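To start, the structure itself, in structure tokens.
By written order: A, B, C, D and E. Residues from 1 in each chain.
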Amino acid sequence: MLPSLFGTQRTKEILKVNPTIMPVREEAKEVRVFVFDYDSETIDEKELKSVNEALPFLQSKRTSWINIDGLRKADVEIICNHYGIHPLLIEDILSVSQRPKMDEVEGVLFCLLNMLYYNEQKQTVEQEQISIILGKGFVLTFQEDANRDLFNPIREKLKIPNSKLRQRGSDYLCYTMLDQIVDNYFLVMEKLGERIEQLEEEVIRKSNTRSLARINQLRKELIILKRNIAPVRDLVGSIIRSENELLDDRTTKYFKDVHDHIIQAYDLSENYRDMMVSLQDLYINNVNLKLNEVIKVLTIVTVLLAPATVIGGIFGMNFDVIPSAHNKWGFFSAVGLMLFIPLVMLWIFRKRGWF
Amino acid sequence: MLPSLFGTQRTKEILKVNPTIMPVREEAKEVRVFVFDYDSETIDEKELKSVNEALPFLQSKRTSWINIDGLRKADVEIICNHYGIHPLLIEDILSVSQRPKMDEVEGVLFCLLNMLYYNEQKQTVEQEQISIILGKGFVLTFQEDANRDLFNPIREKLKIPNSKLRQRGSDYLCYTMLDQIVDNYFLVMEKLGERIEQLEEEVIRKSNTRSLARINQLRKELIILKRNIAPVRDLVGSIIRSENELLDDRTTKYFKDVHDHIIQAYDLSENYRDMMVSLQDLYINNVNLKLNEVIKVLTIVTVLLAPATVIGGIFGMNFDVIPSAHNKWGFFSAVGLMLFIPLVMLWIFRKRGWF
Amino acid sequence: MLPSLFGTQRTKEILKVNPTIMPVREEAKEVRVFVFDYDSETIDEKELKSVNEALPFLQSKRTSWINIDGLRKADVEIICNHYGIHPLLIEDILSVSQRPKMDEVEGVLFCLLNMLYYNEQKQTVEQEQISIILGKGFVLTFQEDANRDLFNPIREKLKIPNSKLRQRGSDYLCYTMLDQIVDNYFLVMEKLGERIEQLEEEVIRKSNTRSLARINQLRKELIILKRNIAPVRDLVGSIIRSENELLDDRTTKYFKDVHDHIIQAYDLSENYRDMMVSLQDLYINNVNLKLNEVIKVLTIVTVLLAPATVIGGIFGMNFDVIPSAHNKWGFFSAVGLMLFIPLVMLWIFRKRGWF
Amino acid sequence: MLPSLFGTQRTKEILKVNPTIMPVREEAKEVRVFVFDYDSETIDEKELKSVNEALPFLQSKRTSWINIDGLRKADVEIICNHYGIHPLLIEDILSVSQRPKMDEVEGVLFCLLNMLYYNEQKQTVEQEQISIILGKGFVLTFQEDANRDLFNPIREKLKIPNSKLRQRGSDYLCYTMLDQIVDNYFLVMEKLGERIEQLEEEVIRKSNTRSLARINQLRKELIILKRNIAPVRDLVGSIIRSENELLDDRTTKYFKDVHDHIIQAYDLSENYRDMMVSLQDLYINNVNLKLNEVIKVLTIVTVLLAPATVIGGIFGMNFDVIPSAHNKWGFFSAVGLMLFIPLVMLWIFRKRGWF
Amino acid sequence: MLPSLFGTQRTKEILKVNPTIMPVREEAKEVRVFVFDYDSETIDEKELKSVNEALPFLQSKRTSWINIDGLRKADVEIICNHYGIHPLLIEDILSVSQRPKMDEVEGVLFCLLNMLYYNEQKQTVEQEQISIILGKGFVLTFQEDANRDLFNPIREKLKIPNSKLRQRGSDYLCYTMLDQIVDNYFLVMEKLGERIEQLEEEVIRKSNTRSLARINQLRKELIILKRNIAPVRDLVGSIIRSENELLDDRTTKYFKDVHDHIIQAYDLSENYRDMMVSLQDLYINNVNLKLNEVIKVLTIVTVLLAPATVIGGIFGMNFDVIPSAHNKWGFFSAVGLMLFIPLVMLWIFRKRGWF
């Protein structure tokens, strides 16, 4: 039970990252395909029955966003081959636990990163891989999980005619997605921040093994967090530097904005790490203080005991001549002395600031 | 009560930094608009009733400084749209807890950073966001709080005709502001330095949990400090490298001066951090020394007790034949021995340097 | 026996790295030479009796892969001289425990790195040096150990006609090898990850000297791991930047893929290190907790003992007048008091949260 | 008294660095102006009564070195304005506790750094700011303290006709000064090195609070040292890279020499820091060893006491039938047992290596 | 005696590095001059009586290697002036404890570095400064100590006609020397590695103050080591980048080989440092374990003592009515109880895993 308290199961998940050897991605049970085909005035929005229905949109003169929720090898290959995506990118889309990265291959701009969610129940950071392919006039997105998604606000904005999102092309749509994903990192960090704060209060109030277990768990979640944020910083930086012709000059400014945010997220995650170090120091300090407290009790008891033991020993000796032995108040004087001496000792110690 | 002593509330404020998702900036209750419109000989200085009155200054051939204290979305948009500021910058101005940054967008140079104040009562570093927009012939500044401001010295200098500030254009005004803000960082650091110094004295005199709480608090304030200084260093560096045409060659030298100062502030904040590490080491050391002291008392008492207990036990045994039992001085010899042996022991220990 | 538990023998192997002074490589007892000579349609695959038989393949118009398992100075020199390999590279091939590196010398691209294996029995990471020489139309590989090899999957793929591997030239074969080797690093890391995980559980359950020994051992294996991964990252990066004419533009993409993987391996090895630090902290913490536990027992016993000792001492004094001495229930009251007082003390301590 | 032992006063001085807000430099009480006006054959050397007398040397065709010891605002301004020094540099000269820096402004090369002295009495590193202005045919130096100076060896060398210093121009003079200042850093470091060495011996011999205080003090001095050396390294590097036309190609080699020295000083200061860390580890270790020693004494005493207490208790019980109670040698056997058992216990413990 | 055990004398030597102020190099008592003048077919090898005899070799059309063992100011100046070496380099050759560096001055390539030796007796790393001057057709080497030398293998190789060393020019000779020196670093590191290994075994077996002293000593030797390796890495890197015309393109490859080795040496020295940190952790851990052991003994003894003391106290009370006091077996029951209770307690403790 102890190891589970410390989240050793989580360790397994963190350490078993293997991008190449076992791309045995389980085929999604459920696949959902949505298409938005729009220009500034008109918009078509529909859920398709299969990926095959998405193929004609390549010819659309409007901007098309094809979102595939749930990954099946066959589906991904059909659509990617039709849209002219390089086989290596298809492999990347289908791979498991890839490092976030950006690539420019044969006329498309490819971004692979993770959406992060905070699982309130398990108190863990969960990741869902998303691949965004920006091409001339289209954006393809591939998500792992059909049931959750960060893009609803984008869908709402898309429905408003003449909004900036509708006026600008596919690059602006791609920016909006990255922005949404990075913004969500802050939501996750906020949750982690709350946990750090609660832990700090807990550690200050009572430091026990449970607190240590929590600190250990949280450190693992922060590893997950940083592992995602650091490469995304590079990813967005690469987009800005790429000078890809798919990116309008006017859109570059917006990517810079995302870059500012992801840098801030990175800085913040560094602050989190500092906080965790402080927290661990605090924990150790508190455990030590408790030990000191116990040793002080030990000392006080020994000190209180000392004179009584000695006096009892003295007057318990079997000598014929013992002073005051026959005195009526002898016993009571001795007992009084047993009480008086420790009080004096305590007074001295307290004066010296030992207790 | 303990957690508040450790400033856990402050942790919340440090960790909840989220630049994008919740720009729910509270609308300022009070907005004050000041304008300085000057050239080397003439100056107009007035408080305006609304931002609308500030619009005509765009046509002014003199240098105009429009300072808006207190942020309301509507106001910011009116004036920025009139002055041709990019919508993204408007968002930045209105956002909360942004990372300091510098941007060149469509002919203006935009700086967003924080003014720092030291709150003597709460012993915390407070930040107020300021946006400085340097355009051709004008400087716009947006501050959060209508009631405090670092720019009074600048106002005074502006009133002096033919001063350098009056002779040079808007870029020199912008430099003066950054200089003022960075100079104020040193004031804040000085206060923190005083706190470190007091804490050091306190920790050396008596290390208790309260000291630890104070060290923890101060570490948090230093995080706030560094989080502000590090990006401002980059900000000023970017201005110098930008070769923006808004910046006169002669002014660049002055920005280099600010750069020197902010680098020094950064170095100093590193020294502060070193000091805090030393302080924590000192604290831990003192706590340990106290523990050692207590354990020594324990040992001394035990040592003093030992011979008396043994002797008392020996002569308390109920044997028929006990040497000296019938001797008149037996009791006193035994007690004397009880006193003599520990003294010898103490003498030995002291000689060996144990106490 | 203790030092062997701590793997001091392993320390010797880690520290005795000397690339230059003692290239006294033991001559391999067994040498096996395999040749694959292929183009997209046809393939020759045979085991040769001696390296001399491999010389004619230089004239082959198809792509030739000559793999030499087991290093003998004479053999290496014969083949390398025939294929025009620079003497320095021959030295590198024959050297022991070289740092992984890449070199472009006189028209060939030379990679020297280590294949890693995890020895389940000894729980160590084993390395086998491999040299890959990519030339115009041929790839030479030199391995140390004739009996193990990572390249079987490549051999299988080579047998499939018109596969990508068969269609592309020698550079693609070289990529496939590096990919295979780097992929195998992840397998080794997975094993180490499992060990870390087991150790974490063990340390949480019971921290003894054996755990410390295991932590120490594992730290050494991680040094071995990192020592191999870090330079391979540079190696692959150099290949990508080299713009060597041996590398087809289409192949560069694949090397970028390997680069992504090796970077991820590096990141992961950093996570491992963090985990090990956490683990060591945990170990120390647990050892301390155990000490505290023991000291608490000491204190409890002393506290329980205290009143009984004092009361026994009091009523054991040889005074004539001792209250209740002649009372029938005196003895039992005294003993009762001996039991009652410690119970009260314990109740107080528990209420204060000391135990 | 304790805080002063720990040098908290010094903390104040280290932390209160504020280059901009309070340039309330105290006006020097004493100002001394020296001029050397020389070429390879002839030299004029005189102490001037006021800075006004130094103005005509601007027209001198020989190389002029004007050294001003003691800073008064009026004096500095008179001479700088005459020599065409930029107002910002005048501010720098007059400022307090600036970070060392180098600047090229309007045809002069400006270096501001600190000369370091080791105050044997206070055992602190003292700094004196020096500004060196290298112009065409002249060098101006401004020092804070009229009474101490590092430049006497230069003065001596200047008096030798046809020496290299006399043959080369002002840039070589400037080099000689920097060389002298950097050389002096080594003298200061040597003193600090001696202190570290003494401290190491002291800590090994007897680690008490006084040692800790000394370690703390020394760490502060090392902060001062590093704060001066690190920016001077950049300063000299900037001079070499500057390709300023004031610097003869032949002189650059000499500046490289200074650069080598300052890098070595920097490396050495890193070694010092490592040494201090070792020292602190040693201190902590020794304090712990002492604690262990005391706890061992405690244990030995308790162990010695144990059997005697038990035996005494056994034979002190008031039973009618106590074996050997009436035996003549009973008492002596019991006491013998009291002595014998602890001896056996000690023998066992020692054999197990506990003491 | 303790401080010497900790090698405080060595601290002095490490910290007293002062390249500039005291070049009071002691004049060598013994100077030996060797000359090799060779081309691919012919060779002259002789020991000269004085440096003056070495001057004519400047005109030799063959490659000349003039090796001066033992430094005397006059000798160095004679030969350097004849060979056209810049005065600054002469100063460098004569200086003491310089940082390794490389310089290109007036047509020669100058390398100053240290040869390292491991002194088995003192268990220290000793350094001997060597200056290598590579000029057109000649190599000058200056060593401090006439009695030891790393170059015998080079001398042997030189005697073989038509060897590569004989065929190539002075740059190849220079490479061979650097290679020899760097190779020797590995020999020294191997010795240090053995020491680390022995220390590890020792620390695991028995951690006493002597082990700590050894760890401290070894850390100092590693500082010496790193101080030499790090700048040599830069030195060799500079040679490769220099594109000096003295270096044949074919030789550059060989310098790259040396560069690989020195980088590996650097990596290895980092591993050594990690090992030392592990070792120190191990030491601290063992000291703590010993303390825990002692405290456990203390606790066991106290626990054993407790019931006996209480029972003895109970039946030693002077009440009239004591149960079983008149019983024949009372005494034996009480003593039995004294033995029985601690056994039960121990059984409980052991079951809980406390001992």
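In this text, a contact is a pair of C-beta atoms (placed from the backbone, for glycine too) under 8 Å apart; a residue touches a chain by one contact, two chains touch by 3 or more.
Only a predicted model underlies this, so the values are computations on that prediction, with no experimental measurement involved.
Touch-path distance (fewest steps) from chain B to chain C is 2. In a homomeric contact, the two copies may use the same or different surfaces; for chain A and chain C, under half of the interface residue numbers are shared, pointing to different surfaces. Rotation angle for the C-alpha superposition of chain C on chain E: 70 degrees, rounded in steps of 5. Per-chain Cα centroids separate chain A from chain E by 43 Å. Rounded to whole angstrom, the centroid-to-centroid distance between chain B and chain D, based on C-alpha atoms, equals 27 Å.
Residue positions 291, 295, 298, 302, 305, 309, 312-313, 316-318, 322 of chain E are each in touch with at least two other chains. Traversing the ring of touching chains from chain D and stepping first to chain E, the chains occur in the order D, E, C, A, B.
Remark: chain B residues 2-3, 6, 8, 11-12, 14-21, 86, 88, 98-99, 101, 103, 105, 206, 209, 212, 216, 219, 223, 227, 280, 284, 287, 290-291, 293-295, 297-298, 301-302, 304-305, 308-309, 311-313, 315-318, 322, 324-331, 334-335, 338 touch chain A in the complex.
Within the complex formed with chain C, the chain E residues making contact are 179, 182-184, 186-187, 189-190, 193-194, 196-197, 200-201, 204-205, 253-254, 256-257, 260-261, 263-264, 267-268, 271-272, 274-275, 278, 281-282, 285, 288-289, 291-292, 295-296, 298-299, 302-303, 305-306, 309-310, 312-314, 316-323, 349, 353-354.
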